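Below is a structure I'd like to ask you about.
Read from first to last, the chains carry the letters A, B, C and D; within each, the first residue is number 1.
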Amino acid sequence: MFVSNNFLSEGCVKCVGKTAKRFVSMVFAALLGFGGLMFVGAAQAEVPNVVPPEGSYSGEDVPQPIEFPHDIHADVNEINCMYCHTYARRSKVSGIPPTSKCMGCHTVIATDKPRIKKLTEYWENKESPEWNKVHDLPDFVHFTHEKHIQRFVFKNEGMDVENVSEVCAFCHGDVKSMTVAKKMKPLTMGFCVRCHEANDGPSDCWKCHK
Amino acid sequence: MSGNDINRRNFLKFMGLGGVGAATLTGCDMPTTVTIEEGKEKVVSYLAPEEYVIPGIGNWFASTCQQCPSGCGVHGRVREGRVLKLEGNPETLNGNGLCMMGQASLQTHYNPDRITQPMARKGGSLVPVSWDEAWKLLQENAGKVDAGRSAWFTGTVSGHQAVLLKALNKAWGSQDHYVYEAINNAVGEAVNEAVLGEAVPAYHLNKAKAILSFGADFLGTWVSPVHFAKQYAEFRTGDRGILMQVEPKMSLTGANADMWVAARPGTEGVVALGIANVLISKHQVSGSVLPQAALDVIAQYDVNKVTEVSGVSGDQLVRMANYLRGNSPSLVLSGESAHNHENGYQNAMAAMMLNILLGNVGKTIDGSNKLAVEELQAKTGSSAALLKFAEAVDAGKYDVVFFKGTNPLFTAPVAMDLAGKLAKVPFKVSLSMFLDDTTMQADLVLPLSSPYEEWNTSVAPYQPVEAAISMSQPLMNPLSSETRSFGDLLLGMLKHHGVDGYDFPSYYAYLQDAMDKLPASIKGSAVDFWADSVQKGYVKATAEGGSLTTKLGDLSQKAVDVGGDFPMHLVPSSNQTMWDGRNANLPWMQEQPDQISKVFWDSWAEIHPKTAAKLGVHEGDYIRIKSDQGSIDVKVYIYKGVHVDAVAVPMGRGHKEYGRYAKGNGVNPLSILSEVIEPTSGELATHGTRVSITKTGEHEELPRLGGSETQVGRRLVSTVSAEVFRRTEGA
Amino acid sequence: MSLKNVLENWSDYRKTHEQGGHHEYEHMWTLAIDLNKCTGCNACSVACYAENNLATVGKEKLHKGQGMHWLRMERYWDEPQMGGDDAEYHERGASFLPMMCQHCNAATCEPVCPVAATYHTPDGLNAQVYNRCIGSRYCSNNCPYRLRYFNFYSYYDTSWPEPLNQQLNPDISVRDKGVMEKCTFCVQRIRTGKDQAASEGRELRDGDVVTACAQSCPTQAIVFGDMLDEESEAAKLWAKQQVELGPYEQKKDKEGSELRGYRVLEALNTDPCVMYLDRVREA
Amino acid sequence: MHTKDINENIAWAKINEDVLRSMENPRVGYWVAVAACILMVSCAVLAEIYQYQVGMGPSNLNWPHMWDLYIATFVFWIGMSHSGTLLSAILHIIGADWRKPIYRFAEAMTTFSLLTAGLFPIIHLGRVWNMYWVLPYVSDRGIWPNFRSPLIWDAFAITTYLTSSAMFLFIGMIPDLAICRDNARGWRQKLYTVLSLGWQGDDRQWRHFRRIYLLMACFLIPLAVSVHSIVSADFAMSIMPGWHITSFPPYFVAGALYSGCAAIITLFIILRYFFRFEEYMTIPILEKTCKLTFAIAMVWSYLTLVEFASVWYGHDMASKEALIARFTGAYAPFFWVMLFCGIVAPFGLAFERMRRHLPTMFVLSLILNVGMWLERWMIVTPTLESSYYPFAFDTMWPGIVQWAIVFGSFGWFGLLFLIFVKVFPSVSMYEVKEMVFHRRHYHSEEQAVKFHRRATDRQLTDQPGTEGA
């Protein structure tokens, strides 16, 4: 096919987040990329019936009040993402876990660690930490986690809920390998649209623009 | 809807304001200034959320609207700890619907001009003080007043607030609780009480086949407009009843009437007598239900006389009589523009006479169903209270006066010199959400929380079918930690006064206790009565309505004087937009065009084209309306919906205080009212002021929506006859 | 639609551009408004302000015609050619007409937008994508009903001083200067209703979605529903009044029917999705 | 009466000298004019900055007046641009060689008025910063403009027309640029060396030059007609009464030629006076231009009346009302002034004595253009004032921001033109020479009688092509 899947994609070109540069890189990819950047789904073979979105991004390190180690929780201890981000399958937002949930474990586990001490301090003051938002969509976008999780996980034949992190990784990158989360995907309209096209998602503007 | 049996108190305690996305409000990013850079926004998680709280998903909680005294039940949509939208509670009197004031009551709650801390008068101006200091001041000035030297001056109060208020008054040794509403039905209530034996009977508009209303704007401001609108819809479907409206200035109800009849202000009673005359003489309606004295009066008012006095043509009278005769049962109502005259009582009596003559009592007017618990019932307002209060204040009767829920310095005629009289009260306390005209004169200002931040019970004054206690629950955390609910303040005052039996940590605790003590007939069989009531938003107590009597009073009419130097009648009309002025600080209400004239953000005077031609004014020209008490300059709107002899200026604008949206906006027609009093009920006859109008020569375009007054031949709204309607859609 | 998509689906793409709109609708949202019941009370209009983050612009700007009343309550006096007369008073009262975007199926605003910011959704809605809008205002000029409102200023600076802004509905954007906006049939409610139905694993039912205006109406004069759902109240009303979507002249009108249903300025062939029922007066 | 439209005895060296003289040594008046134009442009720039910051509100645009002066002035300037094409392309093809001394500045006018016109659709956008969205570029988001929208057609039409007319202007100037190069020193020499593209004037070059020039002329004529037809589609494609009119494309084209010709008369007189081009821009040429203008004015008037008539005898009540509103509504005074300026005033052109009187013609040409500007305004605004929907009837007066930008646009055009006349020859030297050459050989006293074209003259034998090969 003359126009490949990657014709408009950013491929593996590092996008630095500035529109102008993104545009340049896009044209660059378009010029060089015809068919040359075909790599479909090898890394994420665990998720069936899905063409994973393409595009990458190198986010900045975002300082957080507590350096939450995603790697220890999700990778070492193999806790399912949806254990903490519990709203993801039933609401627009995945939700930052309530402090009570943290304390559910950390009243007994690793209480001597400095981060946990800080957490305990918050809990005792009846406060929640003010996290800095890493994955932010503009407010005119109607994005719902529920629909995506349902489509890719719960209503996806052959998909094991255990592997939900692979689905999360579509948009959030490999959080398992990070401490504090970092933006690893561009999350631009093009990024969304291409994935929607590849997976027969809705293409109506008003599905996402509000 | 909230299907959860929950403890709302805990819910609020644990719920950070805003929840997820608290630091910046979601939905507030501007399309052109979007930042999606990382780490620019904050997210705050819940500390320990309730099970049903899911960020991103709205929950509905029941509460009660307090924007006007009707007390409609509402459901508030709560998301991320903020209440976003109100809808009618389908199970309550108002049903699904909610009027525009109810919709806008959210802006009362979120108003940027709310008082956020107590204030006290120091060196002539109000300065913020702490609550400790406020309580101290209160104790010093109000704590040791002599018995009977304190008074409460409030708007409509009901439910457990009324109970506490009564207890507090008792502790102070005072009986003086003035309940004032500028828009009231007090004259009508007096007549109802005299004739029917019940001040607020139940009206069944839906059962009527024809309604004749003398100035009762039941779709706009009369008694319980949303409930009546619901009934009106029924009235208009099926065989479609006929609505006739007799009034000097077209109200919203008048605009929907099949027959809108302009009567000279104050002559509504004469029109009613004329109709009775036609009914008896032409239609052989038996007058035997009426006392002979009444029949004698009726006989005096033949068509010619009525036309002469009221300006209503014989043809119109006959048509109205025909409609009433041919469509039974009918319903005759009287309201504001008929009541608020020197002869208001007679007007209302004449209207009531028609109901008796046509045999409507017991069919479309019924005994209402009052709540069995007397002390919870609503204390409805009247302007007689204002007059009495002014007199008492002038006599130096009080050392302390508490104001709540009313703004008399705005609504009282300047002629009364209420401000001057109030100066004789050494210590005035205003419990208010806003620095309105009255609060600005107070010595101590206690900031109230909004109706959507507090626990409360209220009882609507109008209880047609089922008596009900309306429940209010906080729909969100208070916006300011320094505001207090009225109930909490009353309780606090009781405690400060050392009254026994009120040792509750909060009004919430008191309320739970008090509700628990309600008689079993009200409580019913719910497992958890409290949670059930809060969840539903009401407690219904069905009982048989009382029966009504028909003791007709004197019908003789007093002639309306010619007016001399002041040939015109001033009609300070009321409308839903501003109500009595309390909505002037809501931008949505200011921005809404008036229902009839479509004017927004400003005052206007309505005059008839003939009057305008005589004066030589065009729309937007200023006229000076002069009474014996002063004058106002206002732009005119000219249309054929106002009597030739009347000039109507809507009340509600012209505030001197009351926040950024209200201040300096328009003029206040109430300020130039003459002190005319309806003698029987003692009400202020607000429509009894005579004025003269002159052209000032100034002009400013009238801020009015709509480029054309007519459809210019397009078929945008066309009209079919009721005959066709009944043929195609009739029952 | 990416280039690839355009090429692959060229014939579909071409057709949509030739004929406009969709041809296989998933829903067809409509309103039926009974002017016999409508009292002109304005509750719908304020409900719309509350639901849709409409800016209040203040006296001067509103007077200038720079306001945002998505749902405006129009009031007309009878005139002789419309059955009124030259009597001394308006004896038949006023005519009220709640006017919101008519969501025309052959919308005149759609073809003229240079950037396709306004288009027809498979739900039968006339969509306005605020982000895409560049503010050429052609759509408003071409709307015979004048139902599109333009953000002449950045009203968000002034309309919602703290804490009024906390009332803003997070389900719909706050519009900035330079974009066109209009009634959406409360698309955020439709969206929520659909999501809710989907998560409960069922079809959307009548009553799942109610627009703010319909919900607040004290007389229930406004009925909202899906025309494709024959069981919906709105569809039944349309059927009862024998008003059909599509033609620019109703069959029943040609036959001289006395039924009250009509669509405003239908003869322009805009195919509006709002049906009104005539006002009724005794004489 | 026959008068010579150019003196055939004029020396070629003098032509060069006269034209080149006009390009140098600007006098005080020139600088004053430049300063005035810059001042005007600054007004517009300030207004635009304000509008950019605040939004479209201060311009007094409102509901329902979403368009106003910006679009009217846009159409006006687009119309203005048609004169150059008319003079250089149409008259070139039909062989009217009297155009030669004046077509250059007319062409420049075309280009500059397009440059001015093109600003207006951009200025009138609510979100100027996104204006590139109307172009079909390959986007990351995978979305395209709406090709059904006349505004998109505008974008294509204007850019195409601008490119072509600029090319046409430039190509026609190459031989003259070579003359400039040969006579200039310093930066001018460098500039002209580059611009003249190595023109030597040899046979081959002239042959190619003629062909490409003719080709461009042929290309430009349909383009110009289509451009203004497309602009008219902005209105004609809508359904609004008063806009939705079938005769709009020819009406707009006629209006365009009309205002263009009137502007040519204005600039003709200005250039003739200030650059002392009396020998080239002669009264007979002016007369011919005036006659042409008169003819077009009559076509335009006819189309105007046809528009009225077709609406009047049509069945559409709304259109009829819109028409009546034009005559009687709030904007009626402007409408009547427009009718006077557009239909009555051009009869002044019918009188020879007036045609030959320069001050009269100057004033008259300005009146015509005021009329044509009002015409555009009276197309845009009264329709918005009262159309289908009575509730939205409204009268609006443009705000100061709009006026400032419209005012500034004249400064912008003037500035470009002022720069042009000092950098490029505003009279085509080589074509004037051609004209003189032809006159010498075919239009000498006795030849003139013999060869002068007249409609009644049936004895033409070997009429030579006026455009030499």
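What we mean here is this: a residue touches a chain if its C-beta (ideal position, glycine included) is under 8 Å from a C-beta of that chain, and two chains touch if they have at least 3 such contacts.
Predicted model only: the values in this text are computed from it and were never measured.
Listed by label, the chains that touch chain A and also chain D are B, C. Chain C has the C-alpha centroid lying closest to the overall centroid of all protein C-alpha atoms shown. Per-pair tallies of C-beta contacts place B-C first.
Of all chains, the one whose Cα centroid sits at the greatest distance from that of chain A is D.
Centroid to centroid, with C-alpha atoms defining each point, chain A and chain B lie 53 Å apart. Separation between the centroids of chain A and chain C, computed from CA atoms only, is 37 Å. Between the Cα centres of chain C and chain D there is a gap of 43 Å.
For this pair, chain B with chain C, the centres built from the Cα atoms lie 32 Å apart.
Residues of chain D in contact with two or more other chains: 127, 138, 142, 388-392, 394.
Shared interface positions of chain C, i.e. residues touching 2 or more other chains, are given as 1-3, 5, 67, 72, 74, 76, 130-132, 154, 170-174, 177-179, 265. In chain B, 26-29, 31-32, 706, 708, 710-714, 716 are the positions where the chain touches two or more neighbouring chains simultaneously. Interchain contacts join each chain to each other chain, per the touch definition above.
Against chain B, the residues of chain C that register as touching in their complex are 35-37, 39-43, 45-47, 49-51, 53, 56-59, 62-63, 67, 69, 72-79, 81-83, 87-97, 130-131, 154, 156, 159, 161-179, 192, 212, 215-221, 258-260, 262, 264-265, 276, 278-283.
Residues 1, 3-5, 7-8, 90, 139-140, 142, 144, 146-147, 150, 193-194, 197, 203-206, 209-210 of chain A are the ones that touch chain C when the two sit in their complex. Interface residues of chain B, counted against chain A in their complex, comprise 16, 20, 23, 26-29, 31, 34-49, 54-57. Put simply, chain B touches chain D in their complex at residues 32, 706-708, 710-714, 716. By the touch rule above, chain A contacts chain D in their complex via residues 8, 10, 22-23, 26-27, 30, 188-190, 193-194, 197.
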